[in-house]
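You will see two complexes here that share chain A, one where it goes with chain B and one where it goes with chain C.
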Partner chain A sequence: MIEHFLAGSATLFGDPFTIGVFIFGVLGGMLFGAIPGVSMLTLCAILLPFTAQLTASQGVMLFAVIYCTGTYGGAITAILFNIPGAPENAPTAFDGYPMTQQGKAGKAVGAAVLCSAIGGVASAIVMMAATEPLAKWAIRNIGPPEIFALVFFGLAVASSVGGKTMWKGWMSVLLGLLIATIGQDPVGGINRYNFGFADLAAGIAFVPSILGFFAVSEIFVQAEKKAMGKFTAPKVGLSFPTFAEIWFHKIAVVRSILVGFFCGILPGIGATLAAFMGYGEAVRWSKDKTSFGKGNIEGVISSETANNAATGAAMIPLLALGLPGGALTAMMVAVFQMHDLEPGPLVFYNSPDLIWVVFAAMFYANLCILFIGLLETKTILHLLKVPFQFLAPLILLLASIGSYIGRGLVLDVMVMFGAGIIGFLLRRSGYSIPGIVLGIILGKIGEQNFAQGMQMVHYDLLTYLSRPVCLILIIAGSLTLLSGIYKAVSTSLNSKA
Partner chain B sequence: MGRLTTSHIIETVVWGLIVIIFFGFSFEFDREIEIYKFGATGWPRTILILLALVTLGNLFHLYRNGSIGEAGRVGQSEPDDEMTYNSLRDYSKLLAILIGPLIYAILLKPVGFYFLTPFFISYIIVIFGERSLKFILGVTLLLYLILLLLFMVVLNAPLPQGNMSPFYDYSAFLLKLNTQLKQLSIW
Partner chain C sequence: MNFRKTFKFSITAAALILGVGTANAFVCSVSDATMAKPGGFPERALTMIVPYGPAGGSGQVAAGMAEAVTSLTGVSINRDHKPGGSGTLGMAAYIAMPADGYNVMEHIDDASSAHALDSGQPNPASDLIPLVTSQVTFSQIYIRTNETRFSDWASFSAWVSAQNGKATIANVSKEGSMERVTMKFVTEAAGIKIQQISFDKGAPRYGALLGGQVDALFEQPGDVRNFLDSGDFKPILTIFNERPSVFSDVPTHKDVGMTFEPLLRFRGFFVHKNAPADRVAWLKWAFQRGYCEDSYQKFNDSKYMSVIDSYRDTDGSIALINSTVKQYRAVYKEMGLELK
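Showing the complex of A and B:
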């Protein structure tokens, strides 16, 4: 493995143009990840046609590097402005933004930098060491029933965090799932809930709804505070977390790496669910559960470690099986195809150079997160000093453009602002915006895998549950669900009406 | 009525209406799929039934506890300062915040991004309480130029041009200018 890694590193750093592509990917991913509205997906969509001019290894490497650094970049706005750059940074905002309000933004961003790098590097090492055996294990043990079971577990975890009550947590998740049913059903292609609009046949696009719920609703909240004279500028805290503070949470880091890696390896699941589950598990095992959501650094650590740990793992189904796990890895398939290659088991034998350049680049990209992240953190924190009346129109317009250019539909911009209004009203009533977004993201994946799973087991639930991974995940999800219901009902019964 | 307030009842009615409307519309696509027993309606109807049950659970919670949240919930930030609306002016401010951007989105198709955007930037700055004309005009111009430079000149992103004269003509003028500038730079 080491000689392959060194050979990949030599190829990467032996050519000045390849180094340029690598640096562009690192900085572009960080920048586009950090700007709400134009995520790393937007950058990759813009760059896709240009990859035809690159070699296959440069093209795939560029996207892999953007994936790593973009996942980290989204944490910055989540922490500083409560606007996650991407859905996988949503749980980071739970504790990161309260830390900013308490003047501890430096600690939160520092923890995000360190833990993103740790999660990403650990994931890259496991990916290099075990892509082939893990892919073989996944082929044997992971199918649609397991993916549905993980979606169920993930939604149960998401419902347990974020909302004011368990009921509101579940209502948020179910609203997200309901929004995801708009458009063609994934089995028979029948149009659902298009209400006479032809544009809705393709469904509600992820990007506008996510931007609406996260970015636009937050701008509305801040605008309302300004208008009512209750706006307070966040405090700029420049102190970094100490080594001892991070070391104190070492178990949370290791746990989040495992959670992130497991989620990342499953096609279609990826970093978003990883971040939620990393956060959920941190809460589950913590002795001080009530401090989460109020500025507990472990919330930032667990979420950011898990989402970056998922990036390396997401490459395993792509490279070993040819299965893209999400939108960005699907674009990587397009890069392969542009160069007459097909990702899958054969790529390890036909193009080992490409594989090891990509692995080496992901490893170094995660190291770059650490160094560039630490260097830029103090500069980034000064963003808090920029007047919000300057940032707000910029964020809204970038979000509008980001929504529009995906499909070229003005309807998507309307959906974004509509989602912003709904998000604003739901936030005021104690609903969970991340829960809605996770429901939207996982809705189609859940339905498709449920349908395929049911067809596989001929609608026999016992056969369904006889699969060990599936059974474990269904039990874990059910326990999370039942304990939530028990707590909610006992809270209601113990209080006097 | 327990601790139920009018807003709790409205909240429950809204959720109930969502369930009823979506359930009603599900009959529009209630068709069998040969390879899938549960058809196109199975999944959305299951979600709607669960949503109805959870809404009832939420109503029960509101009846017993009012707006008080569940103790020990995580990931829920400290509640924001309660906003109190005392006058019609306060409500009109809220309406301006919420409706302005939506009107921008509706006007994008006929008027286009290039003509409409400077007005939108100024509108948002004013909404955020800025009253200095210098700041409003300066920031509007700066942001407009940054966006044009990034999306029109550098990325060539296809943005809405509008379909009504003279707005469309203005967009066409800017795009033509951009093409001419690029040709000049090539030479």
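Showing the complex of A and C:
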């Protein structure tokens, strides 16, 4: 493996033009990942026709590098302005933005930089070591029933995040799940709650709802404070997390690497579920669950480690089996095809040079996140000094563009503002915005896999539970759920007594 | 149920209407290599609405045709992907765009089946003008090459029968879809019951067969070409009236005693019905001649799209769509679906 890696590195850095492509990918991914709406997908869609002018290695490597750095880029705006650059950065905002409000933006961004790099490098190493066997293991052992059980397991802790009480947490999650059912059902294609509007048949898109619930509702909250004379600008905290602080969360980092890698390796799942699951597991294993959603650095660490750990993992089914894990890896298939190649088992035999250049580039791209991220962080943090009256319209403008650009629908801008207003009102009443977003994202993934899973087991729950992974995850999720309810009821009874 | 009563297409008539038949050596049907731009049109880039994502079959054919037309005419084409609602979202967006000839759309047979089910949905043959149909293909049923429980259609159908409805096949089985309707034909004709598992994305669908989560896969050959080339999948049944030469050892549904007329997957390009006529004429030339470009032919070859004749001009496309709508309506009535 090491000699292949060195050969890939030599090819990568032996040609000035290839180095230029690599640097362009690193910086472009970070930039497009950080701007809401114009995600790394936008950049790749723009670049796709131009990859025909590159060699196959350069084209695939460029997209792989953008995938690594773009996944990290969205964390910055999530932490500083409550605007996740992409759905996989949404859980980062749960705790990152409260940290900014507490004057700890430097620590949050520093943790995101460091953990993105750690997650990405770890997953790149595993990817290099065991792509083929891991891909085959994943598709043999993990199908829709297991993915639904995983989502159920993740949702079981969702009520703990951000709500004033567990009941309000659950109401928030259920609202998110309800919103996720709008549009065609994922299996039969039956329209639900679209009221005859074709635009609603496609459902509520992730990006506008996330931007509305996070960014727009936050602006309304701050504007209200400003109007009431209670507004205080967040302090610009420039101090980075110390080594000891990160080391204190070493278990969370390792756990998120495993969770992120596991989610990333599943075809069609990818970094979004990884980030939410990584965050959910941090909450589950924490002794102080109520601190999440209020500025717990472990939330940032877990989410950012997991989503970057998914990037290397997502390359595994693509390269070993020709199965793209998400939208960006699907675009990579088009790059392969432009050069008369097909990703899959044969590519290891026919184009080993290409594979190892891509592996090496992803490894170095994750290291670049660390160095460039740390260099740029202090500059970026000064954006917080922009007065609210200038920053708020700019955020609303960016969020509106970001909402519209995904599907080119005015409906999505309306959804964003609607979510902003609903989010503003629910926050005043102690409901959980992270809970709603968790419900929307995990609801869509979970429903599809539940329906497919039930078809696979012929609607027989006993057959479903005879699959060992399903049984373990459903039992573990149910126990979490029941213990949470027990604690909430006990607390409620004790307070009445 | 006897589907022959429902579909009274004779083989000859169907061949004439659908262009059913394996393709001969490619000959470009558009003789004019150039065409003057009417009144300078187009003087800026065209916009192409694509109602599916960039990486799927539609996204790829849109990219392939855009490249060919741009290379032929020098006119850029910006692709605007509007996925969702099985293509209805993109269609609604396209209908609302200005009918000035600068906006075109890619769509597939889903638009025809959607209109067949609900006449309130646009009829692509009469509410739009088809510029060209550039991909027409058939479906097949695949199994894993290393499968030990069955090895061909006969052993597969026997095995499925023995499972008493517990065998599974991956496809896109949304209500009224080509896949679900065709599987209804197949299972009824073969007297078998099989659970269809609907995966709307290709990767999980193919992964389900590769990993043994399902027993078989319903798909078009171009979409699984890399798995055929790598030897992971093998076709056991071709749903087409005759054996394509590249699959000469695979029986067709007719070979195994099924008599229904196959539903085809087709993809093409459209413009608004009320776009200026001179612009429409130029667009027809550009897209039909674009089909003849080497780059497009190479792309179609790579997707098994030259196995049968994929080309339909405007009139051919209208005939294909009309016959498809008629066929789907008859099927939906048989299935007891409410036609609007």
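Rule of thumb we're sticking to: the second predicted complex is superposed on the first by the 446 of 497 C-alpha atoms of A that agree within 3 Å, B and C clash if a C-alpha of one lies under 4 Å from a C-alpha of the other, contacts with A are read in each partner's own complex, and residues count from 1 in each chain.
Here is the rule we use: a contact is a pair of C-beta atoms (placed from the backbone, for glycine too) under 8 Å apart; a residue touches a chain by one contact, two chains touch by 3 or more.
The structure displayed is predicted, hence computed values, not measured ones.
Student: For A:493, using the defined touch cut-off, is the partner it touches chain B, chain C, both, or neither? Pick first, second, both or neither.
Tutor: It touches chain B, and chain C stays clear.
Student: Once the two complexes are aligned on chain A, which partner has more residues of chain A within touching range, chain B or chain C?
Tutor: Of chain B and chain C, the partner in contact with more residues of chain A is B.
Student: For A:7, is the partner it touches chain B (first), chain C (second), both, or none of the two (neither)?
Tutor: neither
Student: On the A-aligned overlay, A:408 touches which partner chain: chain B = first, chain C = second, or both, or neither?
Tutor: The answer is both, since A:408 touches chain B and chain C.
Student: Between chain B (first) and chain C (second), which does A:130 come into contact with in this model arrangement: first, second, both, or neither?
Tutor: In the superposed model, A:130 contacts neither chain B nor chain C.
Student: Once the structures are superposed on A, label A:455 by its partner contacts, choosing first (chain B), second (chain C), both or neither.
Tutor: Touch partners of A:455: chain B and chain C.
Student: First (chain B), second (chain C), both or neither: which does A:45 touch?
Tutor: A:45: touches chain C, not chain B.
Student: Now for A:168: first (chain B), second (chain C), both, or neither, which partner does it touch?
Tutor: In the superposed model, A:168 contacts chain B only, not chain C.
Student: One more residue to check, A:370. First (chain B), second (chain C), both or neither?
Tutor: After superposition on chain A, A:370 lies in contact with neither partner.
Student: Which holds for A:190: it touches chain B only (first), chain C only (second), both, or neither?
Tutor: Once the two structures are laid over each other on A, A:190 reaches both partners.
Student: Touching chain B and also chain C: which chain A residues?
Tutor: 187-188, 190-191, 408, 451, 455
Student: Can you list the residues on chain C that touch chain A in the complex?
Tutor: Listed in rising order, the residues of chain C that touch chain A are 53-56, 59-60, 63, 67, 80-86, 88-89, 91-93, 165-166, 168, 173-177, 195-201, 203-204, 206-208, 210-214, 225-227, 229-230, 232, 302.
Student: Give the list of chain A residues in touch with chain B in this complex.
Tutor: Touch list, chain A to chain B: 46, 91, 94, 97-98, 160-171, 174-175, 177-178, 181, 185, 187-188, 190-193, 195, 216, 220-228, 230-231, 279, 283, 289-290, 292-294, 299, 387-390, 392-394, 396-397, 400-401, 404-405, 408, 410, 413-414, 416-418, 420-421, 424, 428-430, 432, 434, 447, 450-451, 454-455, 459, 487-489, 491-493, 495-497.
Student: Which of the residues in chain B come into contact with chain A in the complex?
Tutor: Going through chain B, the ones touching chain A are 2-3, 11, 15, 18, 22, 25-26, 29, 31, 33, 35-40, 43-44, 47-48, 50-51, 54-55, 57-58, 60-61, 63-65, 67-81, 83, 90, 93-94, 97-98, 101-102, 104-106, 108-109, 113, 117, 120-121, 124-125, 127-130, 135, 139, 143, 146-147, 151, 155, 157-160.
Student: Please output the residues of chain A touching chain C within their complex, sorted ascending.
Tutor: Per the stated touch rule, the residues are 45, 48-49, 136, 138-144, 183-184, 186-191, 198-199, 201-203, 267-268, 317, 321-325, 327, 330-331, 333-334, 337, 340, 342-346, 407-409, 448, 451-452, 455-456, 458.
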